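In what follows, structures are represented as structure tokens.
Paired with chain B in one complex and with chain C in the other, chain A is shared by the two complexes that follow.
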Partner chain A sequence: MSKLRLEKAPAPAWVRPVIPLLAILVTFLITLIFIAWVQANPLHTYYYFLVAPFTSTVTMIELLVKATPLFLTGAAVAFAFRAGYYNIGAEGQLMAGAIIGSWVGVMLEGFSSWIALPIMIVGGFLGGVAWALIPALLRVRLKVDEVVTTLLMNSIIVFLVSYLLNGPWRDPVSMWPQSPDIAKSAMFFTLIPQSRLHFGFIIGIVVILTIWFVISRTAFGLKMRAAGSSAEGARFAGVNVERTILVTALVSGGIAGLAGVGEVAGIHFHLIQGLSSNLGYTGIIVATLGALNPFGVGIAALFIGLIDTGSLTVSRAMGVPVYLGQVVQATLLLVTLSMFVLTNYRLKREG
Partner chain B sequence: MIGLIAATLRVATPLIFGTLGELFSERAGILNLGIEGIMLLGAFVGFATTYSTGSLWLGVLAACIVGIMAGLLMAIMTVYFGVNQHVSGLGITLFCTGLAYYAFRVIFGTPANPPQIQPFMQTEFLADVNILGPILRQYPLTYYAMLLVPVVWWVLYRTNFGLNIRAVGENPEAADAAGINVYRVRTISLMIAGGFMGVGGAFLTLSTLGFFTFDIIAGRGWVCIALVIFANWNPIRVLWGAFIFGGVSALQLRLQLTGINLPYELFLALPYVVTIIALTIANRNAAYPAALLKPYKRE
Partner chain C sequence: MNAVQMLNITKKFGDLVANDNVNFDLRKGEIHALLGENGAGKTTLMRILYGLYRADSGEIWINDQPVQINSPRDAINNGVGMVTQHFTLVPPLSVAENIVLGAVKGFTLNPKEIEKSVAEASEEYGITVKPSALVRHLSVGERQRVEILKALYRRANVLIMDEPTAVLVPQEVDGLFNSLKQLVEKGLSVIFISHKLNEVMAICDRVTVLRGGRLVGTVERAGTSEKDLAVMMVGRETFGVERQGIKETGDPVLTVDHLSLTDEQGIDKLKDITLEVRHGEVLGVAGVSGNGQAELVKVLTGLQKPTNGQIILNAIDIAGASPSAITIAGMGRTPEDRHAGVVGELTVEENLALESLEIYLNRGVLDRKKIRKQAIEMIADYNIKASPEDKVRTLSGGNMQKVVMARSLSRNPSCVLAAQPTRGLDVGATEYVRGKLLEQRDRGAGVLLISEDLEEIMELADRIAVIYEGRIMGVIPAAEATEESLGLMMAGVTEHN
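Moving on to the complex of A and B:
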């Protein structure tokens, strides 16, 4: 009797760049089920998802707006993962950056933008660092698994934000629990007039270029990658693994914090509870689709931004719930993960 | 005091289901970060099933089945494909969460008031006895959670199947050499785990709340993962961990009512902070299953 079995065989060179495209195709085939459920026409749905956003300048800009925080959360996750530090806390670190940003932003009333913007950016970075500090210290000093602690920190900050918004920071003028608006001079300027595309987009690009440089062109990047591929080996080669991981974890938190500042200073102008809407977790999708490569992260963020924009278009045009976008993104993550592995195997008949 | 104990048992119930599930999966060598999403999907599917059929137990069953299916998906990813467990687990959580939200909108639209069901009644058991009566006034699923603890212990330590699970979680190569089908044992463990998680989530909609909200799980799944480490992968100790978290949660409700002038969010965050502290203390002696996070490929 012959049996099919998987045998390890590296994918030919031409396959690797094709994988993401193939994954997208498979994802859309799988999500047909969910579209069929609402009896929507799949071709129309996918048209609104993938093509319609490109048919108007407004939605094309919106795509970049959606991608802006994802550049940063994706970069934050990829940076940490490369050093073998599983920072799942970008969601909380983003909110910490947003908290500091919305606090500093109010205090900066009366200062010029030249002073306000650098303080906002540094403050948000430090907010993210602060929220990343406890899990990072617990990991390097006491070997406590960072996955669990960063996840719990994400839950804790929800309560902190709720306290601030219902208590001391509540804007007395507004009906909703939100903080007062930040100073005009602390708001990020827009890149295109009359749009929401803000300075944070440039920060995102700069951060991606910077982490590319750090990872692939510096001694620290070499230590990071060594710690990520084998802590034992790195230690043997004289790398201070704990220190490397600590610095990486804190920088990763800081980058996520920048995403939070961007959302405050460029989009909302005050703190609200739903500010993040899963941007930190989506950063993990972005980092994975980008294969933890900074430029890959950039492209993946744009693509996820397209799906985010597309799901709004689909929702408006066809009444399909906007959460279809989240289902598509998660499916894409699972399919891409599988494909990366499966293309390294061949089906062989044996026996 | 008596009310506090009763409340502790109530809060601990979904955690016991979730933690026992996670324990099954980790004992077989798979960290299942899908738990948060599976619990949410279980909460939704249980609610939606009861809403449309009127039967609470059918709701529990449906939540269990959808959890088993999610566990199977996790098994395909991590056991058969050997994909990174952290990322695939989070992927499952994001997928299940998105699916629950999407399905809620498809079925219920955007109602002004959340649709309601009549949840489980608390059973009166020895109601006339002074202290025991109020403590034992619990939802049926709470009793099942308590029963499940010794059952899981018995399965893990006193049956062949349990021995196989521990073997594939500690040393899959040796288990394979001894004729155990590593893939199959891990897959079944993940499916059982998913079933528990689904029921744990459904407890919230079908027992305590009677309706579904998007933030219903609120990190309870992550707490379960911490509790597994705290319990040092021992089902009996899961009970203590769940009681500590449940106790702190129940206590913070009381403290809020006494009118102590502290923000109530501080109390709400307290159980999560305590979980991190407990985890840190327990971590010194934690004996992780040796093959946790390591995919097994038969050569």
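Moving on to the complex of A and C:
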């Protein structure tokens, strides 16, 4: 009798970049089931998902708007993962950046944009850093698993925001649970008039280029990649693994914080409970889909932006639930992850 | 009457021959030691017997009947039990639950009933355990008793113990030995994997020695001695190698002064070690594996802080310093396990640069052209069969070792630490690495060679220190070293001052 058995054997290097594309294909095959379930025509559905957003300027800009925070959360996650620090807390770090942004933003009334914008950006970054600090210290000092701690920090900040919005920051006029609007000068300017595409898009591009440069061209980048793939080997070669991971974790939190400031200063102009709508978690999908490569992250963010925009179009045009987009995203993550794992194995027949 | 016979067992992992035509037999009612260095093939052979690996060729006979063992279940059904180095207990479950796990039939489990049945087994075999205790509350020694009882509960009459004393404190070792002696009286046969000579002599009836995957021989305990066994383990034919001419040596470059290390369990791993390495000499540290060499290397490379003592390198105390500080102070380091010295996912050139990033920085940015240029030079100098962009994990052991050595030796260190530099390498790579070490000596560096391969020590060293249970038994000039004197020191019988 012959048996099939999984054997550890890494696939050749050229396979990895192909995986996201293959994953997209497999995902669409799987989601056929759901499309059939809601009794829609699959070809039309995919058309609205993938092609229709490019047919009008409005939806194309909207795609970029959706991709803006994902550039940053995706970059934050990918940066940390490269150093072997599994930061699941971009969601909370984003909210921390948003809290600081909406607080500082109000106090900047009367200052010019030249002063206000740098303060907003630095403040948002530091907010993210602060929220990333505790899990990072627990990891490097006490070896506490950061997957658990960063995830729990996400829940904590939900209550912190709820407290702020229902307590001290509640809008005194409308009594809605939302903070007062930030100063005009602290708002991110729009790149295209009459659209929601704001300065945060440029921040996203700059951050992606910067982390690419840091990862591939600096001594720190080499150290973090070394620490991420073999802490033992890196330590032997003289890398201070703990410090490298600590710095990476904090910078990752800071980048996620920038996404939060962008949402406050570019989209909502005040803090609300649902500000993030899972942008931090989607960042994990973006980072994974981008194979933790900064440019891959950029492309993946645009692709998820496309699906997000497309799901609205699909919903409007075909009357299917808007959640179909989320199903596609979730399926895509599972398929991509399984494919990355499977590249390390091959099936072997024995017996 | 043989409990187990293994005939002409061969097992290969890729190119590595882990067991080469090995024969082994276990008589009923004996404790049979399987002795050898790390990597000699002891554990592989026993994993084959327990069904964890399958031999490429060879036969297994149990109770004089040929058997097929394809899985641990087959082994258990044939009455073979194994206690591995790393225990396979489930900490939150009780002792009784752990023992019956996998051995119960049916759907329901009555805690009172299984505790009673385990208590009976405990009584029957004379192995004291508390059936209702949770495993996570037990000490290491108690957990080992649970493992043994777990094997016996499945009606094992052959018990394989894989380095059982490695995790125990001395008092627990005595307890284990008493239990094993009682079990043998009840008719059990025991295979005792070890590399500790004194334990083998204390408890075993016969000893089988493996070296480099091959059978060296099987001897009666009564007809051998610790010294003879030490020589069998590390290789008798290696003595009498032609030595290189002795050179004038200079001042000390490295002085290890009263160095000691106590681990987290309070066990003394290094005891008051004092050594001196001079410019232009090779100081060999010989010893049977597991006598503190690994710890000494960790302390000298900066991976572990010593409890006490000084390590003076070029007039700087590097005891407890970081790996990079030790490198900068002038130590060229080769780790015991070369895989732990490189980052497999990084490329050859990145690994070559990793130890000296400061020289590749150009206004904060890595000078990739310089990295490439230096890598190409080192690859040529050290005859590394790889391109700068290959990932290190794809390299053979020999080439990986050359990467580690190229990286550290290219800094022209004043002291070279080489730990097991040729373990697992083929003949060509071994010769190459040894040549490089002698080159360093001739250049005037002090070379500290820590090796379990006595042939290597005899070939390269100018002076030989012998380490035994974390102590230096003595340092003698290589020219005066004899099989007799080294063997006695390695077995801890004599000291030499």
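The working rule: the second predicted complex is superposed on the first by the 319 of 351 C-alpha atoms of A that agree within 3 Å, B and C clash if a C-alpha of one lies under 4 Å from a C-alpha of the other, contacts with A are read in each partner's own complex, and residues count from 1 in each chain.
One rule holds for everything that comes next: a contact is a pair of C-beta atoms (placed from the backbone, for glycine too) under 8 Å apart; a residue touches a chain by one contact, two chains touch by 3 or more.
The structure presented is a predicted model; accordingly, all values stated were derived computationally and were not measured.
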For this session: Kindly classify A:Leu324 by the partners it touches after superposition: chain B alone (first), chain C alone (second), both, or neither?
Result: first
Exercise. Touching A:Leu152, do we find chain B (first), chain C (second), both, or neither?
Worked result: first
Exercise. Does the superposition put A:Ser229 against chain B (first), chain C (second), both, or neither?
Worked result: second
For this session: Name the contact category of A:Asn240: first (chain B only), second (chain C only), both, or neither.
Result: second
Seminar exercise, completed: Larger residue footprint on chain A, choosing between chain B and chain C, goes to B
Problem set entry | chain B versus chain C as contact partner of A:Thr218, first or second or both or neither | second
Problem set entry | chain B versus chain C as contact partner of A:Tyr281, first or second or both or neither | first
Seminar exercise, completed: Dual-contact residues of chain A (chain B, chain C) none
Exercise. What residues on chain C touch chain A, complex-wise?
Worked result: 301, 303, 322-324, 327, 333, 335, 339-346, 350-351, 353-355, 357-358, 360-361, 364-366, 368, 391, 407
For this session: Could you please specify the touching residues of chain A with respect to chain B in the complex?
Result: 8, 34, 37-38, 86, 88, 134, 138, 142-145, 147-149, 151-156, 158-160, 162-163, 166-167, 278, 281, 284-285, 288, 321-327, 329-331, 333-334, 337-338, 340-342
Problem set entry | Contact footprint of chain A on chain B as seen in their complex | 31, 33, 73, 77, 81-84, 86-88, 90-95, 97-99, 101-102, 105-106, 218-219, 222-223, 225-226, 229, 263, 265-266, 268-269, 272-273, 275-276, 279-280, 283-284, 297
For this session: Spell out the residues on chain A that touch chain C in their complex, using ranges where they run on.
Result: 13, 217-219, 221-223, 225-226, 229-230, 232-240
